[in-house]
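What follows is chain A paired twice: with chain B in the first complex and chain C in the second.
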Partner chain A sequence: MDRLAVTHQAVKQLLESGEVEGVLALRASGPSTILHLYRKGDDLSDLALWPKYNAPKIMDLLQRSAPDARLGMVVRGCEERGLIELAKHNQVALDHLRLIGVACTAEERDACRCAWPYPTQIDAGERVEGIADALVAEHDKLSLEERGEFWKQHFARCIKCYACRTVCPQCFCEVCMLEDSLWVHTGTMTPPFPTYHLIRAYHTVAKCVGCMECEAACPADIPLPVLYALLRRDAEEMFGYVPGRSVDELPPLVVETLPQGG
Partner chain B sequence: MFRSLLKQVGINPERMYLGWISSSEPARFSEVVQAFADKVRELGPLETKQGTQNG
Partner chain C sequence: MEYRNVLTTCAYCGCGCGLYLEVLDGKVVGTLPAKNHPISEGKLCVKGWNSHAYIHHPDRLTTPQIRDRRGGALREASWDEALDLVARRLSEIKATSGPDAIGFMTSAKCTNEENYLLQKWARAVIGTNNVDHCARL
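Take a look at the complex of A and B:
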């Protein structure tokens, strides 16, 4: 049975068992997909797996409006890691959730330049190994000056649409620093100094799981995940922390301050 | 971590200094700030299009 058929079967079984009230999954919509909360008895024939969506964020919103709902969700690797990271920050409750794990195909992995294209438990699909992001390797070869030039050129195209912030599953602050005129002037184009991007990049540290949604959302094609991947690597070297790897690993930037803060 | 970010976006990490100085050490505070101010002056302004105003 192919991946879609197996997923279809798993969603159907989960709904019919009565264990969950709904399952969040992708649904074919024109040439693309959209997330849909499938309920018992729904027609599952339009269930889809690709292109992906920022599903953890939608689950976060769903649980906010229905905190007690028992839900299921079809997740790929990045989505599961996103949920785990959100759970650590008290944004989603994993104990209410039943996950159906889907491994990404080699094509999907290549499209996302993904280092980790599978969830912890694979219910559908075959595991393919991750690849190193070639753009990150290229960036590593640049000197400090060249890096400055590289990002200056990319950031100069930014129209400050806030899409990267809005689409990001890990951006859940109720008050966003990027909307505070003390830090970022709103209503002006192309920031002369990339305050917006530096703040955003810093705020992804130990949270960003590399889901690539910001890159997909960016109308200016700024390779934001490259910067976030570099920071992820630095944080792993410094703290041994990999975002989304395990619910039991506490985020380093939080853990470090607790014992002294009292 | 912030130093690492500066390094990755091509800003000299030397432009950032982090130090812990007690409120009972005014001489040390003055020394450190003076030394850092001198260093940044030596490095010169950061080349951005219109100075370093908020984006």
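Take a look at the complex of A and C:
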């Protein structure tokens, strides 16, 4: 059976088992797919796997609305890691969730330049190994001055649509610093260099799992995941921390601020 | 719990970006861009991303309001009463001051067909070329 058929079967079984109220998965709709909460008895023929969306953010929304609901979710690697990070920040409850793991295809991996294109448990699809992000490698070759110029040129195209913030599963603050006129003026374009993008970048540290949704949503094609990947690499080198790897690993911003031995 | 997405077209300007309105238990709670959409290719501007915001907004007017005298307060009215008033006053103004005393504002939020109808009505029925558009405000 192909990956979609296996996923279809797993969703059907989970719904029929009565263990969950619904399963969050992608559904073919118009030109795209879109997230949908399938419920028992629903027609599953339009279940789909690609293009992916910011599924962890939608699970956050569903659990906020119904904190006690038991739900299922079809997850790929980045989505599972996104959920794990959200759980560490008390945004989603993993023990209320039943996950159906899907491995990404080589084409999907390449589209996302993904280093980790599979979840912990693969229920559907074949595991393909991750690749290094070629854009990060190119960026590494630049001098300090060239890097500054690189980002300045990219950020100059920003239309301040806030899509990177709005689409991001890891952006869940009730009050967003980027809407504070102290940092980002209203009524002017482009956002002040570099506050908007650097505030956002710092806020992704030890949270961003590299799901690429910000890049997909950016109307100016700014390679934001490259910036966040650099910070992710720093956090790993300095603190041994990899976002989304394990629910038991505490984020360095918590650990480093605890009293010694705490 | 019910969560579904409804494919639609952004109502904020004439570009025609594709988006989904997120419906949670019968209420529109968010917007997601339509990936692979021929116009917007999964991107939206800040207005598009907020397409859902006015639907259930408490400030949204859901019934016509009439101000009976200049400086007076607005009161809620039925559509029949409001349309009767508009028709009567437009006829009066046209009769006393001529058709060019009247102007029409139309909107990118409407369909092409609705905008066509409004300019046709302004020019052929009222008799004025005073037609403008929210994008120039």
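Simple rule for what comes next: the second predicted complex is superposed on the first by the 258 of 262 C-alpha atoms of A that agree within 3 Å, B and C clash if a C-alpha of one lies under 4 Å from a C-alpha of the other, contacts with A are read in each partner's own complex, and residues count from 1 in each chain.
The rule we apply is simple: contacts are C-beta pairs under 8 Å (C-beta built on N, C-alpha and C of every residue); 3 or more make two chains touch, one makes a residue touch a chain.
Values in this document were obtained by computation on a predicted structure and should not be read as measured data.
In the model built by aligning both structures on chain A, chain B fits alongside chain C without clashing.
Once the two complexes are laid over each other on the shared chain, residue contacts for A:Leu230 go to chain B alone; chain C is not touched.
Draw one line from the C-alpha centre of chain A to that of chain B and another to that of chain C; the angle between them is 100°, to the nearest 10.
In the overlay built on the shared chain, the residue A:Ile159 is in contact with chain C alone; chain B does not reach it. Judged by the touch definition given at the top, the superposed model places A:Leu178 against neither chain B nor chain C.
In the superposed model, A:Ala103 lies in contact with neither chain B nor chain C.
Looking at the shared chain after the overlay, A:Met73 reaches neither chain B nor chain C. Judged by the touch definition given at the top, the superposed model places A:Ala115 against neither chain B nor chain C.
In the superposition on chain A, A:Gly30 contacts chain C only, with no contact to chain B. In the superposition on chain A, A:Ala216 makes contact with chain C only, while chain B stays out of contact range. Of all Cα pairs linking chain B with chain C in the superposition, the shortest spans 16 Å.
Across the two superposed structures, the residue set of chain A contacted by chain B and also by chain C is 160. On the side of chain B, the complex with chain A involves touching residues 1-2, 4-5, 7-12, 46-55. Residues 1-5, 7, 18, 20, 22, 24-25, 29-30, 32-38, 42-46, 48-49 of chain C are the ones that touch chain A when the two sit in their complex. Chain A meets chain C in the complex at residues 21-22, 24, 27, 29-37, 39, 51, 53-54, 58, 61-62, 65-66, 69, 71, 159-163, 166-167, 216-219.
For chain A in complex with chain B, the touching residues are 139, 142, 144-152, 156, 160, 182-185, 188, 191-198, 201-202, 205, 227, 230-231, 234-235, 238, 253.
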